[in-house]
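First the structure, then my questions, so here it is.
As written, the chains take the letters A, B, C and D, and residue 1 is the first residue of each chain.
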Amino acid sequence: MKASTGSTSGRVLTMDELAAVIARDIAEGSYVNLGIGQPTKIADHLTPEQGVVLHTENGMLGMGRKAEERLGDVIDADLTNAGKVPVVETPGCSYFHHADSFAMMRGGHLDVCVLGAFQVSRTGDLANWSTGRPGDIPAVGGAMDLAIGAKDVFVMMTLFAKDGSPKLVEACTMPLTGVGCVSRVYSDHGVFDLTPEGVGIRETYGVDEFELRRRLGLDG
Amino acid sequence: MSRAQLLDSADEAVTGIEDGSTILIGGFGLAGMPFDLIDALIRQGATDLTVVANNAGNGEVGLAALLQAGRVRKVLCSFPRQVDSYVFDELYRAGRIELEVVPQGNLAERMRAAGAGIGAFFCPTGVGTPLAEGKETRTIEGRDYVLEYPIKGDYALVSAYRADAMGNLVYRRTARNFGPVMATAATTTIVQVGEVVPIGALDPEAIVTPSIYVDRIVQVEARHYTVEGAR
Amino acid sequence: MKASTGSTSGRVLTMDELAAVIARDIAEGSYVNLGIGQPTKIADHLTPEQGVVLHTENGMLGMGRKAEERLGDVIDADLTNAGKVPVVETPGCSYFHHADSFAMMRGGHLDVCVLGAFQVSRTGDLANWSTGRPGDIPAVGGAMDLAIGAKDVFVMMTLFAKDGSPKLVEACTMPLTGVGCVSRVYSDHGVFDLTPEGVGIRETYGVDEFELRRRLGLDG
Amino acid sequence: MSRAQLLDSADEAVTGIEDGSTILIGGFGLAGMPFDLIDALIRQGATDLTVVANNAGNGEVGLAALLQAGRVRKVLCSFPRQVDSYVFDELYRAGRIELEVVPQGNLAERMRAAGAGIGAFFCPTGVGTPLAEGKETRTIEGRDYVLEYPIKGDYALVSAYRADAMGNLVYRRTARNFGPVMATAATTTIVQVGEVVPIGALDPEAIVTPSIYVDRIVQVEARHYTVEGAR
């Protein structure tokens, strides 16, 4: 089992604080895709000095922040992020069609992709597209492409579901989005590296490593 | 394909679409959605259609209106379920429409394959997931792949920014999305544009869809969206 | 056997006359690729009224004529045809990269492609890239892509080799470029449709149909 | 890939290329040939190279000079034999260089597959010909296909028209050819350009190679060709 490289902070992080942690960990000059939902918060914490370039799978590199809109403003419906929210350009941005955009992801050219998750297994399997409840209308979007779409796939999530059960699990029970694709999990309780040797704890928040291992059922 | 036709109305542009056709419909949400062509298709009356699109319609306009009119037998898309996809949701729950969910990149790449004469391709997306169940898989150089087949359309309905009179197209910002790929993947590609410019007015280096892929063009009024009070 | 639809003219055609015949037969508004060698002559016989758009596999639609160059002129080495000869633009032309250019061919979007040939079989097999002589350096270029790269693939060639042997044969003896891909053969002695029902003679030049069938060993 | 580096010389741009590397070299004849990078590579000294290019060099410049310097073990190309490819011809006949002939479209599509994460694809080109011998074939919907695998490079040497300081590229006319595809298919993409412009100076709609594919850029003097007396 890999030794912890992190430290213990005083309390569990908010999702916004967690977004700041992830932003800090993204290397200068990286090309990054931030999945819909919580991961979009990360953009607010990236500094101009980092020079991180955001990819949106609907065909753009160099995506900027959400468009500032006031009541009655004309919206540019031709420029949105993957969540269909209007955004702005950054200098040096470029546009391309959907096949080229997903070739960019599938071909492993992005440095980092950050996704939300329902469950992640210790070996990096990801479940984030369907709860598997009967009657749900299936809808995958770009989730399966994103799951394999970067050199590093990070997950950002709360570590425990509302019923208290861990979301970092031995094996996913929900339908998979990708197999062995997640390399790191950022959660409100701590940060985990998923390696071939097992789960390494990088940092813990509001809980010590021993307690965290116990609650997750991790050995050692 | 021979030279593109420049037509006076969206109704003329959609003539001849047969019942049972497979229609590729561009757009990602509102961006690049060919509203005028879809409205004309509803008036035209073709039914029993298979629609390939990223989503399954928003509100009661565009693709949602086509679904609501009962013209669509089956939808292939990546993301039918949206906050305002209630038309599709009801049809689906009532068992009145078939759905094939395809990962977004596979949707794009399968249409690209259709346009590029590729018979099938081994794709890493979706391996080991329910969407790959029953599909042929293969390990190549240590990585697992699923065999995916082309998606070809009888017609593509595409919205672009400008066309020249030959049919060369440019798009605007992220409204480009599926348009260029769908234009290559259909037997007949029908395009609505905001403006038709003279031949030679588009920069040859910046043309995204070469004229060879375009069969019919119609110029339509641009749509504008303003920020509403209740969003 | 399909009946002849053509007529007999007084004499065998020159390659330039044959180019004119092919140009006449290309439908208005067609997208066409003219192979290197004899087929390039066809461009000189296309009329502006035909509105034929030429494709060159090195990444251009709307290729114009050869650049007029005088001694000492600066050549635009960035704009050439597939034979690497400088050419000019036509209005409405567009550029694209090699993968897109060959996707356009392979995907069956061109109306007509006209190629030279060493041999064509009655069922449309084409041999035009290698004589198969030992010691020759193999070089295929775009020949195999062009062979399958249009709705109609025409061959333009002399009907008989220098030794008098027919080049429209029962089965090619030279290495193939494509199988069953040629739909029509334009030759100095006549024009042939290659159909599933057999070889149909459309026109003959300087020889009557009976004699032509005899020399080609075609059944009546 | 992280942000592209802007380098002062072609020599700096080719540092680190290891013996035994696979190098994708752009260009179709002279158009788009990265002469300065090739000359720098010759000075740099890497040997035992596998080169992927459309041709096998003209005269004694560019790729031909690299071959002449004895640095290339194997060439994958579509058309080695040209009127002025005597350097390659001699090496080949002397058994001093390996050759794999690939149909031009397959060369492009196989590199596209490498860049797009496609494991293999069924291609109709070359079916039933000597170049498909020994390859897996399959009939899909009544048409025959050959299974083709990606061609991936360790390095790509590409010539483009302009770059911005981030590495976005535009090309000029038919000099575009293999450049955009090779840029996607190599681990490290090295680009020579005629001009480096400020970030934001290129039209985002007209960028052909997005910056993500570019690792190193060097600005070089434009080459001019004049009509010679003896052509």
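For the reader, a short list of remarks on this structure follows.
Note that a residue touches a chain if its C-beta (ideal position, glycine included) is under 8 Å from a C-beta of that chain, and two chains touch if they have at least 3 such contacts.
Computed from a predicted structure; not experimentally measured.
The chains touching chain C as well as chain D are B. In this assembly, the C-alpha centroid of chain B lies 33 Å from the C-alpha centroid of chain D. Centre-to-centre separation between chain B and chain C, using Cα means, comes to 35 Å.
Taking each chain's centre as the mean of its C-alpha atoms, chain A lies 29 Å from chain B. Counting partner chains per residue, chain B has residues 109, 112, 116-118, 123-124, 171-173, 205, 208 touching two or more of them.
Residue positions 89, 95-96, 103, 105-106, 148 of chain A each touch two or more of the other chains. By the contact rule set out at the top, the touching chain pairs are A-B, A-D, B-C, B-D, C-D. Residues 109, 113, 116-124, 138, 140-141, 143, 145, 149, 170-173, 203, 205-206, 208 of chain D touch chain B in their complex. Residues 1-3, 112, 114-118, 164-166, 168, 184, 199-200, 202, 204-205, 207, 210-213 of chain D are the ones touching chain A in the complex. Per the touch definition, chain C reaches chain B in the complex via residues 27-31, 51, 53, 55, 61-62, 89, 91-96, 103-111, 148.
Of all the residues in chain A, the ones that touch chain B in their complex are 56-60, 69-80, 84, 89, 95-99, 101-103, 105-106, 125, 130, 135, 137-145, 148-149, 175-179. On the side of chain D, the complex with chain C involves touching residues 28-32, 54, 78-81, 89, 92-93, 99, 101-109, 111-112, 123-131, 144, 161, 171-181, 208, 223-229.
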